[in-house]
Amino acid sequence: MTDSSGFDDRSENDSSTHRGQLEADGGEAGAPIDTEEARRRPYVESQVVMATVRLISPFVLTYGVFVTLHGADSPGGGFQGGVIMAATVVMLAFSFGIQPTREWVDDSALLGLVAGGVALFAVAILTPMAFDGAALELVVLESTTTVAVKWWVEMVEVAIGMMVAGVVVGLFFVISSGVFGTDEADREGDR
Amino acid sequence: MNPESAALATTVDPGHLTLLIVVLPILVSVIPLIASLRDVSAGWVTAAAALAVNLALTVALAASLFLTGDRLIRYEIGGIPVPHGIELVADGLSILVVLLVSLVAFTVLIYTRTQGPRGNAFYSAYLLLTGGLLGVSLTGDLFNLYVFLEITGLAAYALVASGDTGRGAYAALKYMLVGTVGASLYLIGVGYAFLATGTLNMADLERQLSAVGYGDPLVITAFAFLVMGLAVKAALYPVHTWQPDAYSSAPTGVAAYVSALVSTVAVYALARVVLSVYTVDFLDHHGDLQALVIYFAAVSIVAGSVLAVYQSDVKRMLAYSSVSQFGLIVAAFAIANPNAVYGGLLQLIGHGVAKGALFVGAGVFAVAYGARKVEDYEGIAHRSPYAAAAFAVLAFTLVGAPPTVGFMGKWYVGVGAVESGFLAVAAVIFFSTLLTLAYVVRLVDRMYFGRPTRNPLLADGGGDDAGDGQGVTHGILVVLAVAAVVGFLMGPFASEIQALVQPTMEALT
Amino acid sequence: MTLALELALIAFVVVTAVFAALLRDVLGSIAVFAAYSLGLAIIWVLLQAPDVALTEAAVGAGVMTFLFLLTIAKTTRPDTEKPLKQVDLKAFVVVAAVALLMLTTVPAMPEVGDPDAPPVSAEHPTGEQTPYSYYIENTYVQAGIENAVAGVLVVYRGFDTFGEAVVVFAAAVGVMVVLKREVLK
Amino acid sequence: MIEEFIARHYHVAFIVVLAIGLYMLIESGNLVKKVIGLNIFQMSVFLFFTTAAYVEGGGPALVGPESVPGEHSNPLPHVLILTAIVVGVSLTSLALALVVRVYREYGTLDEDRLEEVMAGEP
């Protein structure tokens, strides 16, 4: 365990970074964790954890994509795959600090994932209606586009995967930064 | 079906309409979030456009439904034959609820434009709540109903906490804990029904449950859990405790929306389960179980009224009055003869309109004059004559004064109760009407004949006497007036509406 | 042999649930809850529900634990002198009454794995085909999908899945409303 | 009597775990523990459904052209429970956001203390 100066000034300004360090803060019984003492505590990082995470996260991400795409033939699917993909980002956040990861992840990318998922789902629901079918009637899509039902199922799975990945990462960031206003004020106060 | 209506049905497929009504608000709810990325506050405009289109679609669906002979539209999603797929069903019962939801959602939205809470995420949640409610109203599948019930719940919990107070957040959390237990009890009921039959489609369950036999313990247990779960969602006594806190601490626009629709739709779902899935035959087979539900609801009627009389806070008073009203409606659906069911339906719609608008009124008076308690209302009618008049009319709708819709609803339920020999229920309705009259008269009396001395905002001048106080905008007055007119006019037209939904009533009872 | 394993797993799940209830320390409760989820996930494997097992492991033991830990890091972890709580008699009596009432319905249920149970029979008492039999016979033939769970999820009950996606989205929107945020970050 | 319950051990487990979750919901003063209780309660229902899907000697619901009923567990309850799990985690995240918000406003997660503080509010 070493102190990494790289993130020090940032963590000085941001109390939520410390809150991300769960185990380290467990001690204050009965008191809020973001006490003055906890706030001043230097950010602790583990080179071992960071290296490990850097090494395995591409594989975890790939596995998430695999689980999403392979749902039609084996257990798994968009939801499970999406969760696994989101886990990559959460892992990065826990090893490199929440604040740096937050800055690294683009907000429009998250929203794009969610909106893209909704758009794909909308395609599956609405387009069959344009071809004299019922909503979500994938067989109609197969006969008009000659793309097999299976691939339309995959498209829906991908839509779910995108939404879930975007939302889980978003939830993680939103909850970790707390209530808008009060927590922002905390941050200002620290400067 | 006559040739004319058949022609119309082929030009506009009403089945597609049922689906679009549910899906449109949900899909559009993404747009405000995308707009926030560009720092554009497009929330209200987007929601207003989507809900206006939805209202138009709903009216179109209602028109094509009333042109069909049997008042029934079924739509198999994905073209999968029932019971293997999910279907949407519109009939005389659901269409009135759908109309109510679309109308109230659009009208309350007008109120939120000036009074807030604002923010794009708020309007996304608002659209999601609308989509969830419409899904519950239109689905023909027991599990799909659970999913939409939870969408409704999630959005409602968040909206209750959308104000600035910590009280709202805590009330939302309590609401969520109780609401989720209610939904889970419902899900357990679905589980028992599935264990007994292996199917989930409502129409199919109706046949399979009777094939399994109404004496089967699993069938009976499923009924008990389904009814209990939805009773929690509808806030019947004694599982109502979450409701007054949630309604009184939510921002006014949310309180109006949630009080008008969320429990209403849960009670509608209860009616669906009792009348469409279990049917009158089941109730006839289990007279004791039927009586149990009716007396349980009757306790709610009395307890809600008694608790409302004791409230000094106007919003809490309105909240407790809902406990009583929903007791009445559930009793009506459990009596399950044509008059009682129709009375329950009228009451369901009338209460939704009146209660939502009353919450808007209470919010307006709170903003304009700081009036929250009954005694603060002294002399309000002199400062805000139009708003006060609408408020008074709506309050008398709640009592059931003739010729309002409240009167017709109670009348039909009372007649139905007497027909089926539940004289005690008729007596309870009469007694609770007196109690309701007591607290409504207490309030209206102060509004019109009290002296505006206690409340400084009402006592000293500022603003002309002919107009309304600040905060009472024209938009809000329109909302209140529309609700008052609807509440007033639905009464005299009750028999016309009855003729429209008659085929559905016959099919259900 | 399998029955012994099943009973052991059930015992594990029940014991973890009891500890989650009785541990004073919220952190401990969270850890035991994660174990409870994993126990359930193994039961799903035994019940031939690999999709459910995978999801339960990813969500119950993964996402949920994360969210709980994040929450106590953002809030507080109350004082803990004694490790275990006393059983609250009033709550226990209420809950025991509910459980006993529900247990009376157990003999009416089909036995675990009974091939004649309505959910896994090919036909209803009325002679019609059950959804179960329809899915098993048609998922591969109609849609070319081997995993019937995915087939039912998207092809036959796609509208439920749409609802599921909406629930996820609603959670994100709800959290943003509650925490007064306008962006997903 | 005992055999009847042994042959339906998963159903019994469902009811016992459901009761424990309900107990946590009623008894716990701490809001986070209430949410944990809610999850234990909900997950017990999942056990009820997956048990209903199971058929003795049947494999998972991986099918081919020759598949017949009885060889596979019923995929329908699995699908329902996948949805229900997602609903559960969504509700939990919203509940926890509410917990964070309540703590920000009142500085405590203890139910009794919260009621006290609120009774003192205007």
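Going by the order they are written in, the chains are A, B, C and D; count residues from 1 in each one.
The working rule: contacts are C-beta pairs under 8 Å (C-beta built on N, C-alpha and C of every residue); 3 or more make two chains touch, one makes a residue touch a chain.
Bear in mind the structure is a predicted one, so any value in this text is a computation, not a measurement.
From the centre of subunit D, which other chain's Cα mean sits the farthest off?
B
Rounded to the nearest whole Å, what is the centre-to-centre distance of subunit A and subunit B, using the mean of the C-alpha atoms as each centre?
The answer is 37 Å.
What whole-Å value do you get for the distance between subunit C and subunit D if each is reduced to the mean of its CA atoms?
Subunit C and subunit D have C-alpha centres separated by 5 Å.
Mind checking the centre-to-centre distance between subunit A and subunit C? Centres are C-alpha means, answer in whole Å.
The separation of the two C-alpha centroids amounts to 22 Å.
List the centre-to-centre spacing of subunit B and subunit C in whole Å, with centres computed as mean CA coordinates.
Taking the mean C-alpha position of each chain, the two centres sit 31 Å apart.
Give the residues of subunit A that touch two or more other chains, as numbers and ranges in rising order.
Within subunit A, the residues that touch at least two other chains are 32, 74-75, 77, 79, 107, 111, 114, 118, 125, 135-136, 138-139, 171, 174-175, 178-179.
What positions in subunit D touch 2 or more of the other chains?
18, 22, 35, 52, 60, 62, 74, 76-77, 80, 82-83, 86-87, 90-91, 93-94, 96-101, 103-104, in rising order.
At least two other chains touched by the same residue of subunit C: list those residues.
In subunit C, 50-51, 55, 59, 63, 67, 70-72, 74-76, 78, 109, 117, 119-121, 130-132, 135, 146-147, 149, 151, 153, 155, 157-164, 167-171, 174-176, 178-181, 183-184 touch at least two other chains.
Specify the contact topology among the chains shown, as one of line, ring, star, complete or other.
Contact pattern: complete, every chain touching every other.
Given the complex with subunit C, which residues does subunit D contribute to the contact?
Against subunit C, subunit D makes touches at 4-13, 15-24, 26-28, 30, 32-33, 35-37, 39-40, 43, 46-47, 50-65, 67-83, 85-94, 96-101, 103, 108-110.
If you look only at subunit A, which of its residues touch subunit B in the complex?
It is residues 107-108, 111, 114-115, 118, 122, 125-126, 128-129, 133-140 of subunit A that touch subunit B.
In the complex, go through subunit C and note every residue touching subunit D.
On the subunit C side, the touching residues are 3, 6-7, 10, 13-14, 17-18, 20-21, 26, 29-30, 33, 36-37, 40, 43-44, 47-52, 55-56, 59-60, 63-64, 67-68, 70-72, 74-76, 78, 88, 91-92, 94-96, 98-99, 102-103, 106-107, 109, 111-115, 117, 119-122, 130-133, 135-137, 139-141, 146-149, 151-153, 157, 160-161, 163-164, 167-168, 170-171, 174-175, 178-179.
Across the complex, what residues on subunit A touch subunit C?
Interface residues on the subunit A side: 19-22, 25-26, 28-33, 67, 71-77, 79-80, 83-84, 86-87, 90, 102, 105, 107, 110-111, 114, 117-118, 121, 124-125, 135-136, 138-139, 148-150, 152-153, 156-157, 159-160, 163-164, 166-168, 170-181.
Which subunit B residues qualify as touching subunit D in the complex?
Residue list for subunit B touching subunit D: 143, 146-147, 150, 153-154, 157-158, 161, 165-167, 169-170, 172-173, 176-177, 180-181, 184, 187-188, 191, 194-195, 198, 200.
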